[in-house]
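Reading through the C-alpha cells given below for one structure.
Labels run A, B, C, D, E and F following the written order; every chain starts at residue 1.
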Amino acid sequence: MSSTISGNTEKFAEYKTLKVTIEQSIAHIELCRPAELNSMTTEFWSELPDAVRTIDEYVLARVIVISAQGKHFSAGMDLSVFANMGKDFQGEPARRAEKARRMILKLQDAFNALEEVRMPVLAALQGGVIGGAVDMVSACDSRYCTEDAFFCIKETEIGMTADVGTLQRLPHLMPQGLVRELVYTGRKMGSQESKNCGLVNHVYPDQETMLSEVMKIAQTIASHSPMAIAGCKEMLNYTRDHDVANSLNYIATWQSGMLQMPDVMEAMGAAQEKRAPIFKDLLP
Amino acid sequence: MSSTISGNTEKFAEYKTLKVTIEQSIAHIELCRPAELNSMTTEFWSELPDAVRTIDEYVLARVIVISAQGKHFSAGMDLSVFANMGKDFQGEPARRAEKARRMILKLQDAFNALEEVRMPVLAALQGGVIGGAVDMVSACDSRYCTEDAFFCIKETEIGMTADVGTLQRLPHLMPQGLVRELVYTGRKMGSQESKNCGLVNHVYPDQETMLSEVMKIAQTIASHSPMAIAGCKEMLNYTRDHDVANSLNYIATWQSGMLQMPDVMEAMGAAQEKRAPIFKDLLP
Amino acid sequence: MSSTISGNTEKFAEYKTLKVTIEQSIAHIELCRPAELNSMTTEFWSELPDAVRTIDEYVLARVIVISAQGKHFSAGMDLSVFANMGKDFQGEPARRAEKARRMILKLQDAFNALEEVRMPVLAALQGGVIGGAVDMVSACDSRYCTEDAFFCIKETEIGMTADVGTLQRLPHLMPQGLVRELVYTGRKMGSQESKNCGLVNHVYPDQETMLSEVMKIAQTIASHSPMAIAGCKEMLNYTRDHDVANSLNYIATWQSGMLQMPDVMEAMGAAQEKRAPIFKDLLP
Amino acid sequence: MSSTISGNTEKFAEYKTLKVTIEQSIAHIELCRPAELNSMTTEFWSELPDAVRTIDEYVLARVIVISAQGKHFSAGMDLSVFANMGKDFQGEPARRAEKARRMILKLQDAFNALEEVRMPVLAALQGGVIGGAVDMVSACDSRYCTEDAFFCIKETEIGMTADVGTLQRLPHLMPQGLVRELVYTGRKMGSQESKNCGLVNHVYPDQETMLSEVMKIAQTIASHSPMAIAGCKEMLNYTRDHDVANSLNYIATWQSGMLQMPDVMEAMGAAQEKRAPIFKDLLP
Amino acid sequence: MSSTISGNTEKFAEYKTLKVTIEQSIAHIELCRPAELNSMTTEFWSELPDAVRTIDEYVLARVIVISAQGKHFSAGMDLSVFANMGKDFQGEPARRAEKARRMILKLQDAFNALEEVRMPVLAALQGGVIGGAVDMVSACDSRYCTEDAFFCIKETEIGMTADVGTLQRLPHLMPQGLVRELVYTGRKMGSQESKNCGLVNHVYPDQETMLSEVMKIAQTIASHSPMAIAGCKEMLNYTRDHDVANSLNYIATWQSGMLQMPDVMEAMGAAQEKRAPIFKDLLP
Amino acid sequence: MSSTISGNTEKFAEYKTLKVTIEQSIAHIELCRPAELNSMTTEFWSELPDAVRTIDEYVLARVIVISAQGKHFSAGMDLSVFANMGKDFQGEPARRAEKARRMILKLQDAFNALEEVRMPVLAALQGGVIGGAVDMVSACDSRYCTEDAFFCIKETEIGMTADVGTLQRLPHLMPQGLVRELVYTGRKMGSQESKNCGLVNHVYPDQETMLSEVMKIAQTIASHSPMAIAGCKEMLNYTRDHDVANSLNYIATWQSGMLQMPDVMEAMGAAQEKRAPIFKDLLP
C-alpha cells in the first residue's frame, strides 16, 4: 500500500506539530514539539484533523497510533490559541458570544475526527496528559500508558469548564463518581489508578516497551478485514449514543449491505490453509 | 409448583440443544451438545427463545440459570446456520439484502428474549465463551465464570462484524476502551481480567463449585417477591435505554399499579415471625 | 461569607433530622438521628431538599458534604412514612393510584435536589447504607466510605421495587452485572467491593479520618471558580442523559455566555504571583 | 401471483370477522360483521394481525386496502372483550395490574402490525369510525372516507382513556389543538372537517365510489417497485420516531444494501419502451 | 363543589392581574387589566402559575378556561419586567449570564404550569395575541378566537428571540413553513388563517358568542370522568415528546394502575338509565 | 454591505448551475439551466452548498431566496450523476456498499447546508418541483409557489426510495397521511393542494408576482436583527428534533450569552423615533 500514498501524504511533511509515518497499514502520528510539552497550538488544531481525515479519505492505513515525543504526552491548549482568539472578538457582546460558540464547535470538531474515521485510533501516553490532552485521548478508541503517566483535567484550575470533549466522553470511559472528583478538584490521576478504573487498557514500564506493544496490537487490527473493523467502530460509536433496540436495528440494516461473503471466505480459506488472510482495503 | 408445569414443559424434552430442568422455582437451562462445543445450530436459535418465553408465559420459574455441559460454554454460531441461510438467498441483490436484514433481526430476537422475560437470567460460564456466545451472555442479567473461562469476540477474526448483540450490550457491561480492544483484535480475555473489568461478578475454581454457588444466588432471588423482582428487571432494562428523568417518571407510573401492600405485609409479617415469607407467583 | 447567611440559615436550626453547618464555603449536612439509625422520616423528606436548595438559592456554599452521626449512615425509609401515606389513600382505586404516582414523584424530587443544585455534593458514609439511603447517595456527585461501610438494596427483601432513584442512577455508577445481582438478591456489598467496582472513590479506616480527608477534597473544590465548577456539574449531568453530539453542542452554547475572562485572568494572575486565586461567588 | 397464495390463504376463509380477497397484488380486507356494526370481538383482535402479517410474510400482496361492510366502518371494541378479560383477572391487585399491562400491550400489537408490514395499508371508511376503530385507522398509512363518515373518540365518554394507539398516533396526523378537543369532549368529527384537518386524504360521495377510487390508488402503488415502496414505508415510520440527522443516516445505511440497479434499469427501460415496468416481488 | 374551595381560593381575590371564578367544575381565569392591554407584569408571572397549580393541587375544577377582558387578549411582556430584571444583574458577565439563564427558565415555568396541570386548559382569544401571549396560548390544550383576533410574534421586531415557549410549542400546532414565516417576519396572522392552519379550533363572530360556546365545550369536558381526562392529557403531552413505541408502552403501564372499573360502570349504568353519569373528583 | 463581499463572491461568477446576486442583504440564488430543466448535475451538488455556506461564513446576506429560471423549478437529479457514480464503484460488494453509503451522506449534506446556515432560506417555485427538487425545498425554511407549480416525488416511479431528505423532512411540513399517498404513488400535487396542506405558504398567479412578493418578505426579514433571526432559526431547527423540555432549556442557555441589550435598545429607540432600526451584521 505504501506505493499509493504518494501525493496525499506529501503535505504531512509540512506539518509543524505532528510527524506522520505510515508503514504496513499502520499510521503513526507523533506529537513532535517536546520542547514545548506538545502544547496544542493553532497549527495543531488544524493539522490533527487534517491528518486523520486524509488517512481515512485516501485509505492510507487500517489503524492509527497516536503518541508523543519527549517526557510528556501534552500539556494541553497552548496559550497562544486564546490570544489569537481574543483578537477576533470585538464589538457587540451577543455577536461575540455567537462567534465564540462557533469557535468552540470548531475546536471540538478536531477531536470528533478521531471518532469519525473508519479505522481505530489507539493512544500511547507517557508523562502528563493535561487539559486539552484529556479531551483528545477521550476521543480515541483505546488508551495505553507508561507507569509515569498521569491525567489532569487542568481546565478547572484555570477558571474554566473543559469544553472540547472531556466532560462528554470521559464519563463513558470510567466510573462517574471518580470522573466527578477529577473534574471538580483537578487533581492528578496516576497510571495505576487509571488502569484500575478502566480508562487505560494497560500500563507499561516505559515508552519504548509501550510503543512496541501497542504496535503489536495495531498489527493485529491491521491484519483483520478492514470492512469488519469499520463496521465494529461504527456500531460501537452508534451504541454509545442510542438505545439497544435502535442499535440492534442499525446493525441489521448495516449488515444487509455490508455483510458479504468474500472476506469470510478468505478468512476461512486462510485458516484452513494455515496462512494469514489477505483482505482488500476499503474504497477511498 | 412443579406440579403445574405439566403440559407446557413436555416440549422441553424434545429439544435437541438444550436440557431444561425446573426445581423450586429455578429453571436450569443447559447447553447439551458438549461434543460439538455447544455450537449454536439452527435448532438452538429457536429452542432458546422458546424455552425462556415458555417459562415466562406460564410462570414456570422465578429465575433462570443458564450453563453448559462439557469443557466449553459455547463455540458460538454453528457453520451450518450460514450454509442454511445461503440456500434461501437467491436472485436480485436488493431483495436479498432486505431478507438478510430480517434474518439478522430474527437471530437477535433469540437473545432479546433473555432480556424481555420477567425473571432474572444468570449465566454460569466455563472454558470458551466465543463469538455468538458473547452476544448471548451479554443479554443475561449477570455472569459468573470458572477460572479457566475466557471470552473471545471471534467474529472479527473471521471477517465479520458481530451482529447479534455483543456490540450493542457489552459496552454497557465493562469499560469501553477495553471493549474496543477486544472487538478490534479478537483476543481472548481470561477470567481474572473479566472479573476486574466488571463483566463477570465472581470467578470460581471449577464448574461444580460455580453451579453450586450460582444456585444459591438463584435461590435467594426465588425466595423474594416475584412482583418486586419483575419490577426491578423492567426498571433496569428501561434505565439503560432512557435518561434518568424519564426513568424516574416510569417507575412512579409503574408503581401506581404495581406497588401494593400484600407482599410488603407478608415480608414484614414473616420477618417478625422469623420465618421465610411466602409470595404468590406472577399471573401467567 | 459566613456573615451573609444570616436569615436564610436560621431555619436550619429548626430541622429535626439534619444538622447544617456552613464554614469557608463548605456546607456540612449531617443526618442527626443516630439513635433511630438516621431513618428517613417525613420531616427528612422535606428538610433535605429544603436545605440543599436554600444553600443553592442563596449561594451559601460552594460544595456540600453529607455525612451521618452514629454507627450507620442510614437505615433508609422510616416506616412511619408508609403509615402516614396510608391514611391519605382512600376511595376509588384509580384515583388512589394516580395519587400514589404523584407521591412517589415527590419523594424522588427530594433526591433530585442533590443533582440539581449548582455545587457538587459529596457523601461520606459509614456503617449501613440501606434502602432509601442507597437511592440518596446515588444522586450525590461522589461517594467516600469507611472500611466498615456496606450497601444494601433492602427494598427487594421487603417485597418492594426501589422507586426513588437506585434503579435509575446506580447503573451509571458501577458495572451493570453487579448492580443486578445486588438488586435481585438484596445482599450487602462491603466497602472494598464498593471501591473496586467504582461506586465509592476511596475507603478510609474510620469516620474521623474520612471526614478529615473528604473535607480536604471539599476545600480544593471550594477554592476553584464556582462558575467553572457549576459548568462542570451541569455538563456531567447533561452528558449522562444525552448523546455526545448533543452534549458537545450544549457546552459550546453554554460557554458562549458563561466563558468569560475574569476568572481565567484571576487564576493565571494568582499562579504567577504564587498566591491563591480569589473567585467571586455565583449570583443568588 | 394469485397462483402462489394457495396454502397460506386457506385460513383466511376461516376468519369470523374479516373477509380477505387478494387480486392483482392488492389484498382487500373487509370487516364483515355489519349487523354487529363490525365491533371488535376477541376473534377480530387475533384475525387482523394474523391476516396482515401472513400477507407480509408470504408476500401475498403489495398493498392492503381495509374497508368495512355495512353502514358503519366499526363501532370499536366489542363489550365481550372486556367481559372475557374480567374472567382472567383474579387475586392480588399488583399481579392483576401487571397482567392488565401485558394484555393492553397485546391489544396494541394488533394495530402495530398495520405499521410493521412492508406494504402500505389504506383505510376506506364510511359511517361511524368509533372508539377502537380510530386507534386502528390511525395506524394505517392513509385514510379515505365517504361524506357520511364521522370519527368519534368514544373511550372518554365511557370513562376510559383510549389505550390502543389513538393518543399516540393521531397527533401525528392532524393538528394537536383539534386532537385535544376531540379527545376531551368525545364529539363527532365529520368527513369535511376530517379532510380539512388532514386526517383523511379525500372524501367521496358514497362507498362504491370510494372503493373504486381507493383501488385505483392501490393499483398505482402495486405497479411500482415493491422494494422502493418498502423502503419508503420503513423510512416514513422511522422518521416519525427519530430526529432528522438520525433519519438521514438511516436511509443512507439502508440504501447501501437496498439500492440496486435492476429495478431502476427496468423502470427506465419500460419508460423508454412505453410499457409498464415489471418488478419482482420481495422475498418471503 | 363550590362549597369546598373555601380557603384555597381566598388568595385568588388578592390577584392583581387575574380574576378567577370557579363554577360547576369550570375554572375561568380572566386577564383583568384591559386598560394596560393585559400586558404581562411581574405579578402576572407569579399569579398565573399560582392560580393553575392551586386549582390542580386542590382539585378545584375539572377544566380551565382562560380569557381576557377588553379589546385585546394581551400585548405580551410588560416592559417593567425587563426593567426589574436589569436591576438584579450586576458584576462579572459570566455570573450574570448564569443568572439570566435561571431567570428565563423561571419565566418558562409559568407557562409549563398550563401543560402540567391534570385538567385541560382552553384559551378564548380576541384582538391582539402578541409576543409573550403567543408563548402562553401555545401551552394551552386548545385555542378558540373571535374574528378580529390576530397573532403576532413580536419579539423578532424588538430585536429578541422569543424565549418562553413559542419557538418550542408552535411548530407542534401548525405547519412549520408558516411558523417560520411568522417568526422571521413578525407579521400578524388573522383569525381565518389561524383556523385554516390548525392553530385555533374555531372562529366566533364576537367574544360573547365565543365565551358562551367555549363554556359549552368546557361543560362537556367537566361532565366526563376526570380520571379519563387526566390520563388523556398526560398521554398527549407524553406522545408529543416521545416516539410511538415508548408512548404505547407508557399508556399500557399507566393503565395498569389507572384503568379501573368504577368509572366505566358508572358511565355505562348512566347510559342505560339515560341519565348523566356522576364521576368522583381526582384526589388532591 | 455590498462593498465587503468582494473576493469571496468572485467564485460565484464561475458557477455553472447557479446565478448568485446579493443586494441589500438579500442573496438571490437562481438555478440557471432552464434549457435542461435545472436538473441537478454533479456541479450543482457542490455549487449549492458552496454558495450558501460562503454566504453564511462571510456574512454576505441576512436572508437567502432560491428560485429558478425557466418554466420549471427543477426536474431533480440529472442522470449523469448516476452515471458518474457508477464509474467509481467496482470490486467487492461490501466495500462498494460502504462507499455508496458515504456518497449518499455527501449528497444529503448539500441540502443540510440550507438548514445549517444562520439565515432563513426561502424557496420560490414554479412549474415542476420534481424528485431531488422536493428533497431540496423540504430543507428550506418556507416555500412559495405559482399557480402552475406542482410537486412530484418521482423517485418511486423510477424504482428508487428517495434518499436525500424528502422522506425525512416532508412529514414535518404537511399531514402524514397525504405525504404517504404522494410518496407511494408518485402522483403530482398541484399548487392549491400544496397550499391547503401547509407545504407552501402562499400561491401567486405568476413567477414575476411571486418573486416580487417573496422579495418583500425577504426585505422584512433582512430589516430585523440578524442576531434575533439566527436565534430563531437555531431554535426552530432544534425543536423539530428534540422534546419540548430540552428545547426550552436550550433556548434559556442560548439566551444567557446571546440575549443582549444593544439590539433591543436600537429597536426601541428606532420605534420611538419612527425610523427604521439599524442592526449590525453577525460576525463572520
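Everything below uses one rule, namely that a contact is a pair of C-beta atoms (placed from the backbone, for glycine too) under 8 Å apart; a residue touches a chain by one contact, two chains touch by 3 or more.
Not measured: the values here are computed from a predicted model.
> What are the mutual neighbours of chain C and chain D in this structure?
A, B, E, F
> Do chain B and chain C face each other with the same patch, meaning over half of the contact numbers show up on both, or with different patches?
different
> When the centre of a chain is set as the mean of its C-alpha atoms, what distance in Å lies between chain B and chain D?
35
> Give me the residues of chain E that touch two or more other chains.
In chain E, residues 93, 97-98, 100-101, 172, 174, 197, 227, 240, 242, 253-259, 263 touch at least two other chains, as defined above.
> List the residues on chain A that touch chain B in their complex, please.
Of all residues in chain A, those touching chain B are 63, 120, 141-143, 172-174, 196-201, 217, 220-221, 224-225, 227-229, 231-233, 235-236, 239-240, 243-245, 247-249, 251-259, 263-268, 271, 277, 279.
> Along chain F, where are the residues that touch chain A in the complex?
Against chain A, chain F makes touches at 88, 91-101, 227, 230, 257-260, 262-263, 280, 282-283.
> Which of the residues in chain F end up touching chain C in this complex?
Its residues touching chain C are 242, 246, 250, 253-258.
> Under the touch definition given earlier, write down the residues of chain B that touch chain A in their complex.
82, 97-98, 100-102, 104-105, 108, 112, 155-163, 165, 167-169, 171-172, 174-181, 183-187, 196-198, 240-242
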